[in-house]
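What follows is chain A paired twice: with chain B in the first complex and chain C in the second.
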Partner chain A sequence: MSIFPYLVAAWLFLVGLYGVISSRNFVHIAMCLAVVQSSTYVLLLAIGYKTGGVPPIFAGAQVGTPAVDPIVQALMLTDIVVEATVVALLLALAVQIQKAAGTVNPDRLLELQG
Partner chain B sequence: MHTLVPLPVAIPLGVAAILGALNGHVPRRIADAACILATVAVGAITLDLMVISRHVPIVYWFGGWTVRAGMAIGISFVIDPIGAGLASFVCVLVLAAFIFSLHYFESVGTMFHVLMLGFLAAMCGFCLTGDLFNMFVFFELMSAAAFALCGYKNEEPSAQQGALNFAITNTIGAFMVLIGIALLYSRTGALNMAQIGRALSNQMDATIIVAFVMIMCGFYVKAAAVPFHFWLADAHAVAPTPVCILFSGVMVELGVYAVARVYWAIMDGPFAAHRPALSGLLLTVGAITAVVGAIMCFGQRHIKRLLAFSTISHVGLLIIAFALLTPDGLAGGAIYTLGHGMVKAALFIVSGILLHRFGTVDEYHLHGRGRPHLGTALVFFAAGLGLAGMPPFGTFLGEHTIERAAELAHQSWIDVIFFFAGAITAAAVFRVTARVFFGWGPKHDEFSGGGKHISEQRETKHSGQGIPAVMFVPAAVLVLLALAIGIMPHVHQEARVAAFTMADHAGYQARVLDGTKLPDAKPEVEYSPLAESLARSLGATGAALGIAFLTLAPWYPRKNKAYRPIRSAMQVLRNFHTGHVGDYVAFLTFGVAAFGVVLGLLIKRFGF
Partner chain C sequence: MNRSRRHILFFVSAAVFFGLMTWAMHDLPPVGHYRGPYGDAINATVVYERHITDAVTAVNFDYRGFDTLGEESILFLSVIGVGTLLRQQKRERKSREDTDELEKGQAPEPSEAMKVITLGLVGPLVVYGIYIITHGQLTPGGGFQGGVVLATAPLLVYLAGDLKTFKRITTHTLVEIGEAIGIFGFLMIGFLGIIAGKEFLRNVLPLGQTGSIFSGGTVALLDIATGLAVAGGFISAIYAFLEQTIEMRMEGEE
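What follows is the complex of A and B.
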């Protein structure tokens, strides 16, 4: 198993964080969070991958056939569902803040200081 | 009895689903009644589970998928008195929040109820689960409900901003937890905490350190440890009062609980030889959190934000309790969580009463306006005494237990932190009491003057001259409960038995994986002299009263030069709290990196 997917996961995580830190738009921040989240997909799939493995469907397969790990795939699906909720919520909040304050730029919202 | 186990999650989710499906067709009072009944039922069940699990922790496998040959196939709830006790405490606060909100949000539909029930179910599941990934899912469910509840006041831009800051930082925290779980899975092929713990045994290497740092930092974002704490003040300042009760009273503390659970179920083996490194690092984090929270608390004029920083300070104390890495520290932390959660909830309820009555929670605007409400003043003041840790409040018993544990671990310096945090946060509450309810002192003062005015939207429609009983009674009852915890005879022993059960690494694994019960890890009976803690906590109370008096005293020179260094130090600290989510995430990233590097260096390079 090569180290390459792990490097991709680390890169996605960091570049997504950089996006969140430097962003000036709440919608953009929500998308950057989705990038951070993709790093968890890559990591989970990389952990479960087996070189030469078949899909984990065992009906009719011979005992001892190498297969990729289905558990991490289930985790990843759960992760997608959970995070879809969160991103939807973030976007809804961004819509509300645009309605209330007329901006989605965190730099222009100065009430919560100190 | 085991059929009861899934109910704390199933009941609220079921009721929430029904209310959600019938949205708009359920009369408000029926929805209220259904929520209160569901909460009481869950509270009774979790209390029952706490009593049953006192001797043998309950292991429940969903769908009957039990352990085969030491391998967990299904998902389990593992219930011990600390988890079940925390879940029933959640129910107490949710009940208080529902009763308080009987007067609330009359125009909107039942979505508030649905979200609160989802929040309740997630917190209960989080306390009871024995599966690491399941814990993550409940963590995210809890967070999603919390984000939505936080931004519930739709028209206020600051409410949306607070909710967004909260959601973004906490979601990143959740990703870190997930990465940690994935790394542990890659190492052990397990998600069940007992099985991971057994597979790791005493091994220690870089992967395990990284995994633990990720999980711990992720949960400490929720627990608002410095430098992950910024979101908390924003979210609490803008969230509706009943939601603040739950945020401050228990949700934040669940972050500390999660790390304690993961540590004692999984990481106690790997870290057995490296305890001084972890303990030292966490004690430092806890102490910094307690001090920063206390100072920022004193510098606020917005009452909810002030209470929010006080929560940060007290969570720092809880982190210290866990950081001792002994069952005694854990027992103290458990008692302290109850005592603090109740007085803090009461304080937030009073802030909600002020908002209901006067339409603002700005200390300066409220100057002297609370004069007719002596009963409310008394509750607020008494809760302040509880924050200072005055006997016989539950907080005193908790602090005393923690200090005793620290003494045994040769870390007595933490007494100073407890004194400081208790005195300063209580002084801030006393200052508010004197100013709002008695009109003492000038309208402005040197310290809180730097705080901003945050516009607040009324949460209630009508407000006559009086204070509705449904608002006042929960606050008074919570303060009395905080007193009861400190007075009840067996709390200390029971908490110690519970903590020893939770910290019994081998016993936990045997119970879950082998279905056997090891002999009880019994705490030897020891009674420590109360005198030292008594002097410390009375001193802290006295100091708090003194500081509050000095800030308000008319003859005190306001332009005193001696103030200047304190003020500029406070301003420096204040400047970090920018309200800008990008800055918060930058601090978060830096904090995680620093934490990992320091822990790695301590263990690998210096051999602690």
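What follows is the complex of A and C.
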């Protein structure tokens, strides 16, 4: 149990990666990349978690209650913003690929140009 | 490389990776036994030092404010990137305003129930977004989260089938001005620290009463600046994507 969240992170990473390599659609690839990145959320939260800790919000809570690490949560917010930007750019590229090549299948794209 | 070879290569390397990861994880501190000193230090001092009750916002906009400036710039640049990638191509033209051509890119007319619910949600959503932005230093939330909530309001107008209003909101100069003010305001608030003779982004404003909406000094202002930048950026990006289906026509296509 003590390393279970880390294993979940590794599993998410691999599942997302499998999606990327087996994909037949660029939009699907962008979504799989988001799954890969979500493994880092699990990893960050697992590192900062403290058994019995409350969220690091002290409105109404007593100061001094053990709370989980706020720094990894702030890092995770950065992570989410980066993911949103990466996905937006990839989707924009997918739109243009569809217009230029008439397909969003990476394998077909190679055939067309090869 | 064909598909089956690619899969074999993946499964072999995935098995090796998973094995090595599991092995490495046994030496990590077990989950729930957090050892880093910095998070505890912030949790213990944030309310006294900064009069902020949300430690995550304090880290983002005060202790590590400089990183957030980079984060906001990433978002800004990616919106520029999306706009550049999706700009009008040589073979494309925009649909004419005066004809009913605009309607062609439109999904089937939404039902009355859909219209009532989505349009009825716009107002509460805007209020909720502003609430999330302005209470970032007190409760979970902040500029990024509230900005995204605000940006979904025009999307609801689009879902309700009101294309003209959607276009008017999303291409409005206010969206761009809001985004620019957001980025520039963040920088200016950062320079306040230098003007006061301290470091860039140093929290130099009066900290106010803990638990009040005006607490936190520069953090509250940075939240608003970020909220404006994020909302403006997301609305621009949403429009760039929807423009593709609503407006862009290939040359010669009726």
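One rule holds for everything that comes next: the second predicted complex is superposed on the first by the 102 of 114 C-alpha atoms of A that agree within 3 Å, B and C clash if a C-alpha of one lies under 4 Å from a C-alpha of the other, contacts with A are read in each partner's own complex, and residues count from 1 in each chain.
Basically, contacts are C-beta pairs under 8 Å (C-beta built on N, C-alpha and C of every residue); 3 or more make two chains touch, one makes a residue touch a chain.
This is a predicted model, so every value here is computed, not measured.
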item	value
First, second, both or neither for A:82, with chain B first and chain C second	both
Touch count on chain A, higher of chain B and chain C	C
Which of chain B and chain C A:57 touches, first, second, both or neither	second
First, second, both or neither for A:22, with chain B first and chain C second	both
Which of chain B and chain C A:110 touches, first, second, both or neither	first
Chain B versus chain C as contact partner of A:33, first or second or both or neither	first
Shared chain A surface residues [contacts with chain B and with chain C]	17, 21-22, 47, 71-72, 78, 82, 85-86, 89, 93, 96, 107
Residues of chain A defined as touching chain C within the complex	1-7, 10-11, 14, 17-18, 21-22, 46-51, 53, 55-59, 63-64, 67-74, 77-78, 80-82, 84-86, 88-89, 91-93, 95-96, 99, 107
In the complex with chain A, residue positions of chain C that touch it	3, 6-7, 10, 14, 17-18, 21-22, 25-26, 28, 30-34, 36, 38-40, 42-44, 46-48, 53-56, 58-60, 64, 67-68, 71, 74-75, 77-79, 81-82, 85-86, 89, 138-140, 144, 211, 237, 240-241, 244
Contact footprint of chain B on chain A as seen in their complex	13, 17, 20-23, 26, 29, 33, 36-37, 39-40, 43-44, 47, 71-72, 75, 78-79, 82-83, 85-86, 89-90, 93-94, 96-97, 100-101, 106-107, 109-114
List of chain B residues in touch with chain A within their complex	133, 137, 140-141, 143-144, 147-148, 151, 154-158, 160-165, 167-168, 171-172, 175, 178-179, 182, 185-186, 191, 233-234, 237-238, 299, 450-452, 454-455, 574-575, 577-583, 585-586, 589
